[in-house]
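One chain, chain A, appears in both complexes that follow, with chain B as partner in the first and chain C in the second.
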Partner chain A sequence: MFETWIQQLVNSLTIGGMYTLVAVGFTLFFGVLRLINFAHGEVFMLGGFTGLVVAWLAEDLGIESGLLIIFLMFVFSMAVCAVIGALMERFAYRPVRGMPVLIMLVTSLAVGIVVREAVKEFFPEGANPHAFYSPFKYDSFNLGSVVLDYTQIGLILTSIVLVYAVYLLVAKTWVGRAMRATSEDLDAARMMGIDVDIVIRNTFFLGSALGGVAGVMNGLLYLSIRFDMGWVMAIKGFTAAVVGGLGNIYGAMFGGYIVAAVEVLVVALIPEGSRYKDVFVFLLLIGVLVFRPSGLLRAPEQKVG
Partner chain B sequence: MPEVDFIDTQVAREDTRTLAEKARDRLALGGCQVALFAAFLVGIALEDAILVTGFLLFIVAGAVGWGRMPKLNSWARNHLARDKRFAQLVLLALLVLFPFVFLDNPYLIHLGALAAIFAIMALGLNITLGFCGLLDVGFAVYFAAGAYASSQLAVIFDVSFWIGLPIGGLTAAFFGFLVAWPALRVSDHYLALVTLGYGLIMNLLHRNFTFLTHGTDGVINIPPPSIFGWDFVTPIEIGDLELPFQMNFYFLALIITVLTVFVSIRLRDSNLGRQWEAIREDEVAARCFGVNVRRLKIIAFSTGAFFGGIGGAVFAHMIGFVHPDNFVLLTSIMILAMVIIGGMGNIAGVVVGAVALTLIPERLREFEDLRMLLFGGALVLIMIYRPQGLFPNSRRRRELQAEKINTLIAESGRDDAEAPGLPDEVKV
Partner chain C sequence: MAADQTAATLLASEALTKNFGGVLAVNDLSLEVREGEITAIIGPNGSGKTTFFNLIMHLYDATSGQILFGGERRNLLDLPTHKINAQGLARTFQTLRLFPNLTVLENVLIAMSSHVNAGFLSALVKPKSLRQQDKDAEEKALETLSMFGARLISMCNEPASSLSYANRRRLEIARCVASQPRLILLDEPVAGMNPTETRGVIEDIQRIHEKGHTVLLIEHDMKLVEGVAHRVFAFDHGTKIAEGSFRDVSTHPAVIEAYLGKRAARH
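Up next, the complex of A and B:
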């Protein structure tokens, strides 16, 4: 019994880390642009595919070390996704900035469709699932009677390190301060001499890069990627962001783990739970939006824009 | 110069035209309509995807050119307004004629029926979104509710379509009522997320509640509607001429669409519609003037959903097969896009949007999956260059212009920037 619970904890920490990385992106975009970037899930998917391409290239180049390849995957998918995210912002979201909610919403949905279909059409065999590269597939070690997977441990550590790095970036640096200022009040930030365009671009760099990392992590964990996997992750991601309070960066860091915990608990406790786990995630989404729209972590009377 | 708005400012003027002038005007108007309709027929009869693309580009170019000529625009609108009843009759006659043109191509008639069904649903969403301003990204829920309710009644209990149809609508209205409760407490982004989550939950339930929906097997063998023992799939024969049975569905859908348009117009101009409009414009102000916002929002959700359900019921009985894949998020996005592209709040525009978004993808079948890519790209471009839709509701058009100007003012960093060409009311 005890072992199962440890196992569930490890599972939820792994996927929670992934959700958190995606959620941070959502919450950052919402903060600076008041936009729910539905295309973010597709950036996540692109991250996975970039990782796959890097792995293929690395094999061609004869790179042996699994760790190095994984490192390269992370770096390249961060770079590619950051650029894609910034391009999205420049060419799709900037023209509709300040428009009514509906317009921005439909724009982001449409951008998501474009990215997803582009991968499906132009990636070789894009419509089929692709086996992902993973050097440590079956490597695990025993801790007492608990079997732990190296990949999972690695992913948990990676996500914690990254989330902490984001925390430092947002809390301690000038760039982060500009981001927080813009989130709080775009006009006031502008009056204080912050170049809002650059801040928004930086935000998209950062958020999309994290999404890309999550895409690679997803591939390493499930060993298979598909062009349409982004959408599910987008829902989990913004549920996590909503749980933490949309626009609240620190909240999003915990939201991912909460969503993952709910999912794992539903699967563990409810018979046939795996069929209904997403239903519970969406119920969590609706419930939080209706009863605690500012997120679980913030005092309910504080109002968010 | 502030833009003169004909729809808002026009008062019923006495018709001073002589009989000859009237006849001339109507002839010209009817001629234009017939010409446009002929162009439309040519467009949907095109088989080759390249030709269709060319045709679409031609239309886009025409529309852009048309937009550049405000004088011609208002002149045309003026003429249309003067002979409105006549224009409506001509349009109706043309729509009735439509299937007779394609007697040897029943697939096109089928497409016409499908377009009419989606027009019903888009008009439903138009009530929620266009009239009351409530963002609903889960409209497929109501589509599904109507389709499942009426089809299962027919399959299991052998209930006639004519009873299943209103029950399907009411079931959908109930689902609209269900989401209205949480939706009342949130607005804007949060409302969009709530309805989105609702749509996703419902789609998962369609897949998993197999005792109600047969899950991913779908509901099969849905009987076609019948009337006095005559089945809708039996072709009508007039003399030697056998009319394709798709025509029966086309006329069924057309009649319901016309009814929906009629109800929409009456709703818009009713007390209810005015109150919805007030809520859409400013909820707080509406409440101050004694509008029961809560009640009206619930009514808006349910009424919109009702038409979604009606559309779903007709759809189920026409296709004869209902599957959860019909009711995914993409369906909701499609219906949403119909309303937005057509022009939110504008009934005629929404119908045009629905017809366009049903027919164009079908005619571009040769491009296969590339269609979706094109759809997404086109949607982005429309959002950027024409967010008010093709035929905007006049008030909404001004709103969006104002938002754009305000953004520009904010971007330029100068609050004192004059907004040229706009009335004072839009400056904040």
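Up next, the complex of A and C:
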């Protein structure tokens, strides 16, 4: 029994880290642009495909170290996704900046469709699932009577380190401070001498890079990626962001772990629960939106003055 | 208080007009703010005072005219909003616009952004020069906050939303001063304050002025205007209807008419 619970805890920390990385993007974009960027799920998907391409290239180049390949997958998918996110912002979201929320939302759905269909059409065998490269997928070690999976432990540590790095960036640096100020009052930030175009671009760099990392993690964990896997992740990342209070960066950091805990508990406690876990995530989303729309933490809605 | 006639012009509005879909919020406005003075703008609600401030910060595009700043007479309307602070202008707002979830100290640091050049990558790796810059900025910010004694300093790591109303107003002023601007724009600095607090703000404005900042303020509180302003502009319907010392302007028939109607002006 004890072993099962430890295993469930490890499971929820693993996928929770992934959701958190996606949720931070949602909450950052919403903060600076009041945009719910549903194309962010596709950025996650592109992160996975970038990782796959890196693994293929590494094989061609004869790189054998699994750890090095995983490292390269993370680095390249961060870079590729950061650039793609910034391009989305520049060419899709900037023209509609300041327009009604619905127009921005529909724009993000359209961008998402374009990206998803492009991968389906133009990636080799894009419509089919692709086996992902995961060198340590069957390696585990025993801690007492608990069996721990190397990949999972690695992913937990990676996501914690990244989330902590984001926390430091947001809380302690000029760049992060400018992001928070822009989130709270864009015009006031401009009058303080902040170039909000640069802040918004930085925000898309950061959020999209984290989405790309999550895409690679997803592949390493589930061993398979598909062109249409972004949508479900978008809903889950969005749920995590809403649970933490949309726009509240610190909230998103724990929102992902809450969503993951709900999923894992449903699987563990309800017979045949794994078939219904997404239903419960959606219920959580609806519940929070109805009863605590500003998130389980107090969201930054209170205005001074 | 006698105005210094020899002082240079710091800010000049020339034939400035702002048309909001048929409403002339600012209408052919020309005026000059002199360096080293405290200048006040008075006028009824809707007379274009705040619109004028928003045009100075280039939040709106002007329909016509220009706003020239400094000895080099740079047209502020050619600059994007975020570059205006670096020219040497900072403002407060009629309705407070602090960043409520940033700490008191961070609110001041944000206002110093023009003086810090920190890119995305350098923020990630934090080179030594940037760390030094951070430290210097923080020291300067604390020094600025100290102009209000312990009132703001003691709260410097609390979110701005936890401050009392009067202290929030003080923080807005501190935030203004932090970027060392040549011209400070104050939009109704004592709105919602009681007489004691108003007296405090009068002293604050005089202290800012003594430090060498030129001040342009919008105010309805005539006690404050009388107490601090070297020169007064009266606005009505988006244009300047009178200018001079407080006494001249407050007794000017056009001003009395604007505030109280035609009948009162005849007496």
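Here is the rule we go by: the second predicted complex is superposed on the first by the 298 of 305 C-alpha atoms of A that agree within 3 Å, B and C clash if a C-alpha of one lies under 4 Å from a C-alpha of the other, contacts with A are read in each partner's own complex, and residues count from 1 in each chain.
Operating definition for what follows: a residue touches a chain if its C-beta (ideal position, glycine included) is under 8 Å from a C-beta of that chain, and two chains touch if they have at least 3 such contacts.
Computed from a prediction, not measured in an experiment: that's the story for all the values here.
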Which of chain B and chain C A:Phe205 touches, first, second, both or neither: second
Contacts of A:Ile63 with chain B and chain C, given as first, second, both or neither: neither
Contacts of A:Ile194 with chain B and chain C, given as first, second, both or neither: second
Touched partner set for A:Gly176, first chain B, second chain C, both or neither: second
Winner by number of chain A residues touched, once chain B and chain C are compared: B
Partner chain in contact with A:Ala92 - chain B first, chain C second, else both or neither: first
Contacts of A:Asp185 with chain B and chain C, given as first, second, both or neither: second
Chain B versus chain C as contact partner of A:Ile6, first or second or both or neither: neither
Partner chain in contact with A:Leu105 - chain B first, chain C second, else both or neither: first
First, second, both or neither for A:Leu289, with chain B first and chain C second: first
Footprint overlap on chain A, where chain B in one structure and chain C in the other make contact: 187, 190
Contacting residues of chain B [partner chain A, same complex]: 129, 135, 137, 182, 185-186, 188-190, 192-194, 197-198, 200-201, 204-205, 208, 329, 333, 336-337, 340, 344, 369-370, 372-373, 375-377, 379-380, 383-384, 387, 399-400, 403-404, 406-407, 410, 413
Interfacial residue positions of chain A with respect to chain B in the complex: 30, 34, 36, 92, 95-103, 105-107, 109-114, 117-118, 120-121, 127, 187, 190, 231, 235, 238-239, 242, 246, 275-276, 278-279, 282-283, 285-286, 289-290, 293
Parts of chain A lying in touch with chain C, wherever the complex brings them together: 169, 173-178, 180-181, 184-185, 187-196, 202, 205, 300, 302-305
Interfacial residue positions of chain C with respect to chain A in the complex: 57, 59, 80-86, 90-91, 93, 95-102, 106, 109-111, 113-114, 116, 118-120, 123-124, 126, 134, 160-161, 168, 175, 179
